[in-house]
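First comes the structure, then the notes that go with it.
For clarity, chains are labelled A, B, C, D, E, F, G, H and I in written order, and residue numbers in each chain start from 1.
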């Protein structure tokens, strides 16, 4: 079987697992940590799925993602630190 | 207030990268996923990166609302005139008269998968650029105005 | 007459206000004279193009315009049996609405040149006004369902922003937020319905969709999701709550155009019910005909009774707008209820529809006029509270005359246009169901009563000291009101030409679903 | 309390109706696709763009995109209007 | 049964998300939360549009190095693109409305933002 | 064959570290230690899963000389580099925000930053 | 086919969970974080439904800018929902 | 002017990297891409000239430093990262932690060097940059396992954090 | 266009011009009656309005606020207004709920038939 879909499925399960922290997280910072790790997992699975679909053009999405989710996280962090 | 030196330096390094990548997405809109909106959003994210990393007062000196308004108007005008230009060539509004004329952006394309050629698709790259500029200006100006809203409130 | 401009009229109809709007922020930096001139020019050109387009439609029949095809009139690709591009299909009904929108746009822009001159951010205001005009015009001429959604969004967003224009007091922003919220929910429902239809029939063109429709369960839901939000957007009771809030707080010129915008939603409702579904509603035609009728009766009655105790003049007028929308819904609903019955349709159904459609244009004109007079009073006196106003008849005689024209017209007093359309509705509805007709007449009497109250409170009585400085409004406002008042008087004195040349073709276009389809698919 | 029960009932009716419908639509096999097949087959040759979505967005349905850009423009103007600087004495009574 | 559920799951998700958005809009009192519900609703509609256009084992409608010609429907993707941009424009405008309301009223509780009534 | 083994190894390492990272997020007591798990383990794991893709693409490039595989590998590398830098910076920003918010590190033996902020 | 559906099911489950979190959180900042995660998962759902254009748009506009706008709006108003 | 050139060269290079594989000039690029790359370089160079070079002056033009950076990323950095991850893995499984925030003297003069050091610290051995002293460029580092004796010291040297290689010295050679 | 039969209503005709004529005639009659009034009316005498035999209030005091107009009507319809007015709560969520409610109602009716 193709390794890629398998890898992506495991990562999707890991995202669900990280969501537990988002549900439980006593503070917003904990939830932000969970968001950050979901982020990383999403980017990784996008790269993997690009290989699964055999389409090069899909990797662009991953780059956009890595760039842009960073900005969202920074905005949240800046607000959390009371600096916005 | 500005964030720490580390974040600021990263923002400085990633700002040109965001712009380049946005322009790449815009320019390759007819070949790869993306296009004017997505590329414009990526470029606007570059501006948002600067806005979040630096202090608002430091950035407004460079990213001016007026300039962004002009950018937006330029983009919309490009789009509208590109649409209207079809009227001069016996086509209706939005007619893609530039494709396959043998001039710019007009290599013929055969049906089927191919590696992609930037020099195709006629009017589409121009429309992409127009929309990209418009979205860049528009989203940036939304962020600037909303930030100005919370900064005006801070003063007594 | 196949000149360049004539060939591309539908595209120019949208492109002109958009062009005016896009450049307005830049022109606005050049000074107020340039800005006012640009706004006037844009409105004039738009109105001219709209009227020319309507004239062309009335003389040569349905106008088709295909965006981006090899030629403007090439509807289908040669090797396929369905249109693939966005298409404007301007039939007589669309032309009617385009005329209304163009005329009131012209009057309102001229009016606002001086009415809003005291405020800041005026280039934004005019740009928004042009966007609203473009949205309304696009809504009424498009033949593509998704394009309709886009223009619906443009008009609701621009409308919401214009409602919130006076931000110094939070009330206007509150009304704008309510309007934007409701419009967005409605627009999302419309989008969902479009998705449902597209998933089944793979078409977005209204004519193609109409020819493919099979009225499955999904189509029924899509019908509900399309019809209810559009009924909400035109302000039918029990979804009318946004109407008084919005109409009260918006600048008067905007309010006058918001009336037109809600009429455009009404147009969308009729278009979807008659053209998209049409005969398919036969086996449950009673349901949807009665849906419109019930909405209409509720709107008429609740609107007018809510209007009587109001203290704010614009809020009162807003409730009357709800009430008058009820007449249109009633008239056209009766037409829809007898759509499957050719005999009844010919006997009184078409007359009822003609009354409803004639009421649309009359309503847009006299309600716009009333709002403009309210705005004129507000401009001079700075308040809209009826308890505080009084004795203005001494200082603002022309405003009083315009107000009287509008009030008599809305109350359906004979020599004005309101009576003509109401008469059509009364007579035809009486044959359908006498009860409904009687309710309509009672509502008319109550309307007159409440406007007597307004007239008494605003213009009658001895001159009051706090309004001693009030005097007649400046010329642009006067001209703006005069344009609309002129239309009211002319349409009241000579209604038959309007009925023959504008309304009856529109009624035929609305009923003739096969003709609409055949204009694109050629009877295939 | 009454209100919440009523609203819940409304939502439940919508939920039931939409759920019932969701079972009607097939996933993975569109019911009818002649227009899209036309785009997929001829879009590349007619517009010269490899990306069919772009060719639809900017060519076949380019007018929609103009409208969309207009919506964005409207929103920008609206946001700008909200945070504009008011003139001196620009006050209105709203009662 | 299992595979039926898996095949219908996208639509069920759309319905559930729609309901969540509507519930947030109807039951929540905070304006920002209401707008979040609206964004949720928009996302649900977008997902619905995309799901209707999917074809089993189809590839993205891009000819650049496409592995096969069995493509998903492109029109819905174009529509969704439009709808996303409209969504962000609407959200931005309404959020700025909410900010101005907070500035003027001192609250964003929908129950208290009702100077206009009756 | 050897390529397959390499790819599976990389995927295995990557998934292992990703899992550990997520488990670490769940197990650790406070924000800072969770950030340790998040930043290091997930980034490292993602680098390895991407490495599998890069290996796959490089092998195909050298086999077929098709430009698209080179693009795939290059873009994957760019994505990974961007991911690593942004992740590290974002972790820094989050940690600082949490500290400014007043979240004390749990079980900490020393907190010099606290002393620095309140001399 | 089935692995793909499984992957999709996991992501859809995550979508429902994050969507419910957006509605459930009283803390608006947490709701915004959950919304960012929701956008993230929505983007990857678009991605595996073979709509990379939409995925990029959702990534750029949904995850990056919408989060930023929401955070600014929360900063401009207040962070916690009031009690009923 | 110099800042413009530096930014333009950087952006052109990134664009070319992104479009590699499009044609056959130099085996990778097509002529239109090169043309567009030039335009993009000029545009972005103009737009971002005040930002990119704020962190780092003309040193970015030196290719030797680029090679060193790549070598650093693939060699010492990667190994340190692997070691750190195994360390974190053990701690995740066993749950034995002894955290604390310490002050670390970076000794970096440029912003870019500080950035690289901070990111290296964040990604490598059980440490996480929490704060930074804006004047002295000293870092405040959260350590997951504070060795005995360290908690009483006022500040540490950066090289003490890395176990296998002297990363700060290498970073200094790259960035300063 | 026959001026006597302008607007065809399906069952009859209605001519606003005739009505205008009637209006003009009525106006003429009124003027004639007015002209037959007393010519020897003097300014300044009998100008004061007769308000139930009371003295005229101060200038402006004769102003009747709008709220007082139709007071009796509103009072008699109190039960109706008491139910109708509170429905207009002014809360946006209620507005949305009404929209959804009508939608749900139509959904039931539509799917049932």
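Basically, contacts are C-beta pairs under 8 Å (C-beta built on N, C-alpha and C of every residue); 3 or more make two chains touch, one makes a residue touch a chain.
Note that this is a predicted model, so its numbers are computed, not measured.
Q: What's the minimum number of touch steps needed to get from subunit F to subunit G?
A: Minimum step count, subunit F to subunit G: 2.
Q: Could you find the chain whose CA centre sits the greatest distance from that of subunit F?
A: I
Q: Decide which interface, E-I or C-I, involves more C-beta pairs in contact, and give its chain pair.
A: By the number of C-beta pairs in contact, the winner is C-I.
Q: Would you mind pulling out the distance in Å between where the CA atoms of subunit E average out and where those of subunit H do?
A: So the centroids are 38 Å from each other.
Q: Measure off the straight-line distance from the CA centroid of subunit G to the CA centroid of subunit I, and report it in whole Å.
A: 54
Q: Find the geometric centre of each of subunit C and subunit G from their Cα atoms only, then give the gap between the two centres in Å, rounded to an integer.
A: The separation of the two C-alpha centroids amounts to 38 Å.
Q: Using mean C-alpha positions as chain centres, tell me how far subunit A is from subunit D in Å, no decimals.
A: A distance of 26 Å separates the two centres.
Q: Would you please write down the residue numbers of subunit A that are in contact with two or more other chains?
A: Answer for subunit A, listing residues that touch two or more other chains: 32, 34, 45, 53, 55-58, 60-61, 63-64, 67-68, 70-71, 73-75, 78, 80-81, 83-84.
Q: At least two other chains touched by the same residue of subunit F: list those residues.
A: Where subunit F meets two or more other chains at a single residue, that happens at 23, 35, 39, 43, 67-69, 71, 75, 78, 82, 85-87, 89, 91-93, 96.
Q: When you check subunit B against every other chain, which residues touch at least two of them?
A: Subunit B, residues with two or more chain partners: 3-4, 6-7, 10, 14, 17, 21, 25, 31-35, 37-38, 41-42, 45, 48, 52, 76, 80, 83, 93-94, 96, 112, 114-116, 135, 139, 142, 145-146, 149-150, 153.
Q: In the complex formed with subunit A, which residues of subunit F make contact?
A: These residues of subunit F touch subunit A: 7-8, 11, 14-15, 18-19, 21-23, 25-26, 31, 34-35, 38-39, 42-43, 45-46, 49-50, 52-53, 56-57, 68-69, 71-72, 75-76, 78-80, 82-83, 86-87, 89-91, 93-94, 96-98, 100-101, 103.
Q: Considering the complex alone, what residue numbers of subunit D touch subunit C?
A: On the subunit D side, the touching residues are 17-18, 20-21, 24-25, 30-36, 38-39, 42, 59-64, 66-68, 70-71, 73-75, 77-78, 80-82, 84-87, 90-95.
Q: Touching subunit E in the complex: which residues of subunit G?
A: Touch residues, subunit G against subunit E: 1-2, 5-6, 8-9, 12, 15-16, 19-20, 22-23, 28, 31-32, 35, 38-39, 42, 45-46, 49-54, 57-58, 61-62, 65-66, 69-70, 72-74, 76-78, 81-82, 84.
Q: Can you check the complex and tell me which residues of subunit G touch subunit B?
A: The contact residues of subunit G facing subunit B are 52-53, 55-57, 60-61, 64-65, 68-69, 72-73, 75-76.
Q: Hey, which residues of subunit H end up touching subunit F in the complex?
A: 17-18, 20-23, 28, 81-82, 84-85, 88-89, 91-93, 95, 97-103, 115, 118-119, 122-124, 126, 128-131, 133, 140, 142, 144, 146, 151-152, 155
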